[in-house]
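Once you scroll down, you'll see the structures, which are given as structure tokens.
Below are two complexes that have chain A in common, paired first with chain B and then with chain C.
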Partner chain A sequence: MSTVSWITARGLFGRRRFLMLLPLPAVLLVLAVTSRALGVDPGQWGPPVLVGLGLAVVLPVVALIVGTGVLGAEIDDGTVVHILTKPLPRWQIVLPKLAVATGVTAVTVAVPLYVAGVLAHSVRLGLALAVAASLGALAYSALFVALSLLTRRPVLLGLVYVLIWEGLLGNVVSGTKVLSIQQYVIALADRLAPTELLGTTVSVTVAAVMTALVSVGFTVLAVDRLRSYSVAGETS
Partner chain B sequence: MPEPTGVIHDIGYQRYTGPRLGRRHVFGALYLHGLRTAFGLGRTAKAKIFPWLVVGIVTVTAAALTAVRTQIGQVLLTYAQFADAMSWLVIFFVAVVAPELVSRDLRSGVLPLYFSRPLPRGDYALAKLAALVTALWLLLGGPQLVMFLGAAFTTKTGMRGVWNELLDLLPGLLYAGLWAVVFASVGLLVASLTGKRAFAAGGIVAVFLMTTPIVGTLSIMPSRTVNELAGLASPSTLVQGVGAWALRDWLLTGEQSAGVSVGRFGPVYAAAALLLVAGSIVLLLARYRKVATR
Partner chain C sequence: MSATSTERTLSPTAAESSGSAASTLDLAGVSRWYGNVVAVNDVTMRLGPGVTGLLGPNGAGKTTLLHMMAGFLAPSRGAVTLDGAPTWRNPGVYRRLGLVSEREAVHTFLTAQEFVLASAKLHRLPDPEAATRRAIALVEMESAQDRRIGTYSKGMRQRTRVAAALVHDPQVLLLDEPFNGMDPRQRLHMMGLLHSLGDAGRTILFSSHILEEVEQVSGTVQVMVAGRLAASGDFRTIRRLMTNRPHVFAVRSTDDRALAVALIAEPSVTGVELDRNGLTVRAGDYGAFTRALPKVALARGIRVRQLLPADESLESVFSYLVEA
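Right after this comes the complex of A and B.
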């Protein structure tokens, strides 16, 4: 584990605010367990809990908070200068941070999704959801880390993407689903474990290619932006 | 050591002896400043992007609805349904504005400067809350007014049609006010917990979005009582429930059904909404009593 990733992980977990991340997966677990215990038909509680809560809310919101936190927080309070002045190639700064963000997001989201998937259908669905959510965590993290270098308000821009693009437009204009990480995750999970609980219009090939493209593309972009990074004060 | 030879010159400093504006004016100034901050008025273009993006989307939607209505004569969304349909944008607007109102002051440590004025702790929080409520109400009420004007100018029954439309609009505005009060009090409370705008925005969205699927799950539980009480779990369905109960005659016409079925628990919804708002305000005031002592 490199020093950068160590510092990043400590920056994330060293404060009490990382406890803010716990309620989201906890709610997911509680809902799944309650529904199962009361004997509700999985066909009914599966979609709202697995997709509506898990893949549409918990995954992007956790990825947003963590992904913009690993680099954005340091940029915000100006301590990023300390890391930038070390004799490290920029990719050795971006990649460990991305790895930490992806790891934390994946663990936070995949574990409750696995349990919910097992309760809803089968171990296979649980594993499929966990794997797909981890891949989604990588894509989202790459996007949000790059965003925190492209703009001074990464969280708001990320929220525009999650709320307005994926949430609002994704339901109204179906064409935007081709450019939605959430739909890729659903498509991948559905391919790994075909059930009637998950459904999307995006094909698996498109989903796999686009997930890889988003992950690699935004990581390269982030490295490139950090290469020509100019330190500025807080904007209004 | 020689005697110090410094001299203090009288350069004409004077004490201010004129009338001083009191608490009410401080409150008013803070409220007005908060309202301007909400829409980025008097600030750089960067601060205007996100609020006006939301305002733009909402207004364009209202204009499109009005156009459809005047051309086809079909009402796609009533005033209340319009407020419901815009709920995600309202959440986003709160996530943009609430941190701007309170988190910046916490971050930059200017609260002692505020509280060195004749401004009680509570007034600061209440002025910010009032500003956010007004901003949200304008966000929903403005487009409703656009819809009203479109309908009023194309009515075929003369003044009578305008009057009927106005009777539809007023409960719609009242309903928009309900949205504004509930979302503003919860959002401002979350934002006041952290000085980082980024975390405040994330927290607000997490609180509002996380609760919606809970309603979805509770409403398919095998118990009618649980189904009808499910809406209590989320602020947006709570507001819809109160609207469906209190303003049913005005908001819903005939075949349209409410977003949530409240059954006979309407008063419970109203009480819960009142409790939520009151609780949020009490916690907000408590928070500012604590912050101010630092």
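Right after this comes the complex of A and C.
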């Protein structure tokens, strides 16, 4: 494990906001288990729990908390200077941080989604959801890490993207779905395990290409922004 | 200077020169503005081995200047170079440069030992454990090194940060207000440390808004006022300039007019102004005037009600320097 990822992980788990990661996946699990135990038809509870909660809320919100936590939190409190005053090419700082963010998000979200997928349909759906969510975790993390360097309010902007763009406009204006990581994840999961539970709106090709583009594009942007990282003047 | 140079272009030479010859930090016509506000205005200086104090009142642009030196801010105009290599967008310079910023930002969840060791590893030092031990010993933090930084006092955190900045034995060390929050003993130790680093051929620059701090640590000073380099050179010369400047006193007495007449005859007095609020006396020699005033007043039977040095603020000392 590189020193950058070690410090990043220590910082992530050492802050209290880490606890904010736990309730959402827990709610997802509780809803899936309860629905199954009460014998509700999976066609009834599947879409709202798997997509409405799991992919539309739990995945992006967990990715937002973690993605802005690995770099944005260090920029906020100024500790990022310690890592930046080292003779490291900036990609060697961005990539480990992105890896930690993606890994933590993927594990936090994929496990409850896998369980919920199995309970709703099959092991195949569970695995498909877990894989698609992990790919989504990478795309979201790249977006939120880059956002931490582009704005002083990454959490706010990230929330606007998730809630307004993906959540609200995605349901009203169909064109926005082409620029929605959530839709890519649904399309990928549905391709890996075709069921009646996931309604896709974008083609698998678009989803795969766009996920790769978003992940790579925002990573490159983050590396470039970190090269030009400026300390804001506080007194003068 | 090429604005697009990345870390890769300059790192090989940087690696080779580390730890050997002394380094020079050069500022050539450096300015930095934020919108319409000019924070640093056309500063040119060359910093070589030894300790240099960057002195100036709060808001003079010291921190902005330090950030540009350390590669954390692009100059709006001019160039900052370390041994010929630009510091902006060039992480290779950190092989030879250490920074202790003013902001007290540390990973509070780490111990000092973990924190300094992480710095050593990030520098890819051949023996990070040994470098960590050496750096922690330099700042005398051995006894507390296994406690979490969150439990430290301000001075201890500061020393930990200095240890992390020194772990790779940089040729150049920049410190922004390093004595803030230190108790007198810690301050004395830090001053000693900076002295010995300077004597060992390192280029040390520290900023301060306190005259006495700079006086005790450094022989060379750069004085900044309102974004400009107001004076630079040997501290004693500048100090003499400061002590020889006219001193202004506000004086009130039972008979201001009579006192004014008597004072203007004194050689130490260079000017007297009389207004409703009393006298404003300008004295060329601080000591001679304060000794003469009671005698003059006593001889005339005048009682002095008030004697206030009118411009003893640091800002006035600095602004005098700008005019000089």
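One rule holds for everything that comes next: the second predicted complex is superposed on the first by the 231 of 236 C-alpha atoms of A that agree within 3 Å, B and C clash if a C-alpha of one lies under 4 Å from a C-alpha of the other, contacts with A are read in each partner's own complex, and residues count from 1 in each chain.
Keep in mind that, in the parts below, a contact is a pair of C-beta atoms (placed from the backbone, for glycine too) under 8 Å apart; a residue touches a chain by one contact, two chains touch by 3 or more.
What you see is a predicted model; the values in this text were computed from it and never measured.
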Clash or fit (per the criteria above) of chain B with chain C on chain A: fit
Touching partner for A:40 - first (chain B), second (chain C), both, neither: first
Larger contact residue set on chain A - chain B or chain C: B
For chain A as apex, the angle formed with chain B and chain C - C-alpha centres, to the nearest 10 degrees: 80
First, second, both or neither for A:83, with chain B first and chain C second: second
Gap in Å between nearest CA atoms once chain C and chain B share a frame through chain A: 5
On chain A, the residue positions that both chain B and chain C contact, one per complex: 235-236
Touching residues on chain A, where the partner in the complex is chain C: 3-4, 6-7, 10-11, 14, 77-79, 81-90, 227-231, 233-236
Contact set on chain B toward chain A in their complex: 43-44, 46-47, 50, 53, 57, 88-89, 91-92, 95-96, 194, 196-199, 201-203, 205-206, 209-210, 212-214, 216-217, 220-222
Touching residues (chain side chain C, partner chain A) in the complex: 6-8, 11, 14, 34, 39, 58-64, 67, 70, 72-74, 89, 91-95, 97-99, 101-103, 105-107, 109-110, 115, 118-119, 121-124, 164-165, 227
Residues on chain A engaged by chain B in the complex (per definition of touch): 17, 20, 23-24, 27, 31, 34-35, 38-40, 44-45, 48-49, 52-53, 57-58, 61, 64-65, 68-69, 72-73, 76, 152-156, 159-160, 162-164, 167-168, 235-236
